[in-house]
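Pasting the structures here.
What follows is chain A paired twice: with chain B in the first complex and chain C in the second.
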Partner chain A sequence: MLGELLLQYLVAGLTYGTIYAVVGMGFNIIYNATGIINFAQGEFVMLGGMTAVSLHQVLPLPLAILGAVAVTMAIGALIEMAFIRWLAAPSVLRMIIITIGVSIVVREAALLVWGQQVRALPYFTGNEVTSISMGGARVSPQVLWAVGTTALMVALVTAFFRWASWGRQMRACASNRVAASLCGLPTRNLVTLAFVLSAGMGALAGCVVSPITYTQYGIGTGLAIKGFTVAILGGLGNSLASVAAGLVFGILESFSVSVLPTAYKDVVTIAVLLAILFVRPSGLFGAREASRP
Partner chain B sequence: MRSARWFQVALFMAAAVAVELAAVYAGKAFLLTQLTMSAYYTLVVIGLSLLMGYAGQISIGHAGFFAIGGYAAAALTTWDLSGRRGGWLVSALGAAGALVSRPDLYGGTVLVVRPWVAFGVAVLLALVIAFAVGIPVLRLKGHYLAMATLGIGTIVYSIALGTGALGAADGISGVPPFPLLGGLQVGGAASIRVANYYIAFGLLALGMLLLLNLVNSRVGRALRAIHGAEEAASAMGVDTARFKLQTFVLSAVLAAVAGVFLTHFNGGVGPSEASIMKSVKYVAIVAVGGMGSLWGTLTTSLVLNFLSLRGYFGTFDDAVFGLILIAVMLFAPSGILALSFRRSLEPVLGRLRTAPKPATREGEAGDPDSMPYRLEEKPSEDGR
Partner chain C sequence: MRKKILAIAATLLAGWATQALAKEPIKVGALLAVSGPASFLGAPEARTLEMMVADLNAKGGIDGHPVTMIIKDTGASPEKAISFAKQLIEEDKVLAIIGPSTSGETMAIKNLAEEAKTILLSCAAAEVIVNPVAKWVFKTPQKDSYAVVKIFQQMKKMGISKIGVLSSNTGFGKAGKEQIEKLAPEHGIQIAVNEVYDKAATDLTAEVTKVKAANVQAIVNWSIEPAQSIVIKNVRQLGLQFPIFQSHGFGNIQYVKAAGAAAEGVIFPAGRLLIADSLPASHPQKALLVAYAKEYAAKFKEDASTFGGHAYDALIILEAAVKKAGTDKEKVRTAIENIKGLPGTGGIFSFSATDHNGLDLDSFAMITVKDGRFVPLDR
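Right after this comes the complex of A and B.
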């Protein structure tokens, strides 16, 4: 009985963990390309989920999700072009404040468009009560969708960075911007691409978990803090480590609820963030911040 | 130069008196309520301005310190201890004269902590927390510092929102007035509105005087050196860690003091005071006022907070502050007052102004690792 309960927590943790993993990875992609931490990262997840819910009223589910990802990617590109592209060597403080401003404006715009209502996409297969028995725990097929989609997405993005020409150009740009631009790479466009990629990933993750975790205009900030925690946990700049850290973190958080009141869930996770920052800012997986892939 | 600082503050108080007289004369004394609140928020903002503009350290958690002050004062002055009269702590507090009985809303009497004592506890609490948190946090830089302070703000918010004894989502109401010296009291009654306006602006003027003196002292020079180049300052023998910590603690204490006063003035406090959006607003105002310009920050804070409290921005309040943040950081990163308007007034201002020049160099100190964007200067487009 206890084993089943633990398994149940594990599955719940994995579900949330996938979002944190994706947000953490999104942080890393933009950080690698620009050295900026995009505080509006969580907003992409929210936009993806909300847009998909709206589009689903007129379109079938797969098309609605595709459309939502495309719209969010376009918004990611717009944000980069409007606020970041034309600044010459801005300081970190300035970039922090600008991206915080962007996150507020996006959130308030979402509030204006969608209101305060909590929304969710329908379950991809079955409904709320459909479940598959796995080793004694009841698992919603949506969890499998979320974990599967995320795994696929991470694999594709990793492959993109390794083998695709654009992916390799982005890595070159990340390791040395000036040298990359001297080699004739369009560094500015690569930064835009980083925003597009990271917005698209966030949006897709926002869609697949939406039936389970629900979507509301204000979920971005919390996700950003947790995604950042995960990115730090894995070592800033190390995308794959942040995915692992995301899953671990989601599971930790899920188990913390069994010990402490739910209201303090965020307190626990943020305390973990602070502890990591204080003790080992280079991340648990040992990647040094300077050694960016 | 010292007299010039006194002169500036006196001028500020004269302006405050003029505004008060004008408001009362125009029959719009109700505006004084929002001005009073605005003055308290401004106390938070000028403390943050010292931290951001002079020490170059960002904090997206100052609403947390404001809330620590406000909640400590509210909780201590409303928790009824009469049921625990026998307990040693309550007895000891009673013997020390720290408790006071007062009638509650329903005609009974409650035994609560005296506002002065609660004030002391609140400030002490903020001081201790700022110290405990500041030591590890201020070793961080750039994004890490921003996220860590954001995290601390969120923790305070979650605790305020999730704790039943602190009123959870409703916050604490029924906070009694805070009697100061000579029959003056901090409270929200209409009969003492004018007095409270002067209490708030007096407190703000005191805070301003303290900060002006500070930035023109050895400490202020050290802080500016840290802002300019932390490594260089450290190499010159400036104890950077200590100065940053002291500034952080001072700004946190100012926030807590403002929190205590505003809570007594409003008669209550709610979790929204601790929200991230509040912290971001404070940062926004410092950014607009110009980092490193205390008077600029004070002016913009009074105006923006007043407009916001009067509801001029309506439901777009948060969006307005978000847009302000973006616009200022994009087009005038050293504050709107630093735009050409200021330069044209320089000959006049130069004589009046003794506050040090705002840092013309935007940016902050940091190690190369934490700020790759800065170091990798704009790539040359010729290479394409």
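Right after this comes the complex of A and C.
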């Protein structure tokens, strides 16, 4: 019985963790390209879920999700082109304030378009009560979808940065923007690409988790805070680290519930975050220089 | 030219004539959480009031007084509720204020209404709003304690004595949790797990696992957020088959739709609006419930919820009192206290100087979900 329960807490933790991980990774992609924290990251997740629900009324599920990802990517590009691109030499603070402003605009626009109603896509496999038994723990198939999709996304993005020409250009842009542009790389377009990529990831995550967590116009803020925490915990600038940190964070939350009242969940996780940052200011896996602006 | 002048004169005259016929308008304020986290309360409340005021004025208002409804969106923020309440009282000089939608906001402006001697008809549930009684403050939703007693009575019938309790960290969740803790001993109920979760929670598997570990016979969840749909999904996904009880906050079909197959068999107490069609024709609330539900659904393309009903009740109470006592604040207030046997959506209202809620235990019916619809519980 005890083993089963522990496994169950672990699975619950993985569920929270994957959501945090995807948002954290989205933060990192944009941070790497521009050096800013995009606080509209949670809004991408919301937009993905909401658009997919709307499209699903006329399209089959896979097409609706693809459509939602494409729409959100376009919005991501639009945001970058309208608000970030034309800034000559923006300070980090200014860019952060801009992204916060954008997140508020997107949220309010979503309220006007979709109203305050809570929505969700149907379960991809089975329904609300289906669960698979894994070594005594019960797992909803949707959790497997979420974990699987996240794993695939992480693998693809990592491969993209390592081997694809555009990915390598983005890394060059991240490590030294001036040098990259002197070498003839289209740095401005690469920044747009970073927004598109991170919008797409957020949107896909928003679709896969929406049957589990539901989606509503205002969910972005909470996700952004958790995702940001995870990105810091992992070490800003390191995408893979934020995934690991997301999982650690989720599992920590889940197990804190097992021994303490739920109300202390955030106390435990934030206390751990603080402790880690005292010992390692650059995050769990962060490179030293990432902590320096 | 002369024709034109004549025409203008005629229009002016006609305008003056209708003005003279209609009595001075009655100004009513409404503080509702139309947007923000409690919008599923405030939005149907605001729609209900708009619909009713249009109907009332089409019929010539209350006793010839047209009704002017000033709706303010508080976004569920107590600070906004306070500043809007001041505005309504001092600038608009309203006869009465309907709302606020949430208990926290209501408590924030309770004293304000009391000092300004303005009638407050709250649409929020918490017992503290009318206990102790404040002279100018009334509320239309049923009391939390009645909901808890109804649930415990049902548990007794089903032979349940050991339960797990989950509630959200909102005013509503907190008030419900306190009532459950207070009333459990006298009903022979043992609370094995008692957890409070964040109102924005997106998955509660860990909390439900804790309930599972305690080997309880049933689970009670007390919240008004989407989390109440998430709880029931997580319970069933963990393979737990015990009964799930929810608060009267579950009275919106959206939550059933959101939880899908997992919502089947959930038991909760609520006003009879949700089961209007299955009431016997002789029931005093039947006609009004069916009419309200039909008009609301036709007009706004969504099902009526008990929350919109709380605003409905507030307005008919005010209407009944104004019909009897005119437009003097003090007289209207006294008239409300003297209302007896007035059917509303929440139950049959009978107020007194010591009871500013006017409803009894019977105003709640036990309801369950069958095939995705609300039906009366017959067990």
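Everything below uses one rule, namely that the second predicted complex is superposed on the first by the 263 of 293 C-alpha atoms of A that agree within 3 Å, B and C clash if a C-alpha of one lies under 4 Å from a C-alpha of the other, contacts with A are read in each partner's own complex, and residues count from 1 in each chain.
To be clear about the criterion, contacts are C-beta pairs under 8 Å (C-beta built on N, C-alpha and C of every residue); 3 or more make two chains touch, one makes a residue touch a chain.
For clarity, every value in this text was computed on a predicted model and none was experimentally measured.
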*asked:* Output check: A:F278 vs chain B and chain C. Expected answer is one of first, second, both, neither. What do you get?
replied: first
_Which superposed partner A:P261 touches (first chain B, second chain C, both, neither)_ = both
*After lining up the shared chain so the two structures overlap, which partner does A:E43 touch, if you call chain B first and chain C second: first, second, both or neither?*
neither
_chain B versus chain C as contact partner of A:E253, first or second or both or neither_ = second
*Would you please give the residues of chain A that touch chain B in one complex and also touch chain C in the other complex?*
261, 263, 266
_Residue ranges of chain B touching chain A (in the complex, touch as defined)_ = 52, 56, 58, 60, 136-137, 139-144, 146-148, 150-152, 154-155, 158-159, 161-163, 276-277, 280, 283-284, 287, 316, 318-319, 321-326, 329-330, 333, 362-364, 366, 369-374, 376-381, 383-384
*So in the complex, which bits of chain A are touching chain C?*
1, 5, 8-9, 11-13, 15-16, 19, 111, 115-118, 120, 122-123, 127-131, 133, 138-140, 209, 212-214, 216, 218-219, 222, 253-255, 257-258, 261-263, 265-266
_Considering only the defined contacts, which chain A positions touch chain B in the complex?_
34-37, 39, 83, 87-98, 100-105, 107-109, 176-178, 180-184, 186-187, 221, 225, 228, 232, 261, 263-264, 266-267, 270-271, 273-274, 277-278, 281, 289-290
_Complex contact set, residues of chain C against chain A_ = 35, 37, 39-40, 43, 169, 195-198, 200, 202-203, 205-207, 209-210, 212-213, 226, 229-230, 233, 236-239, 254, 258-263
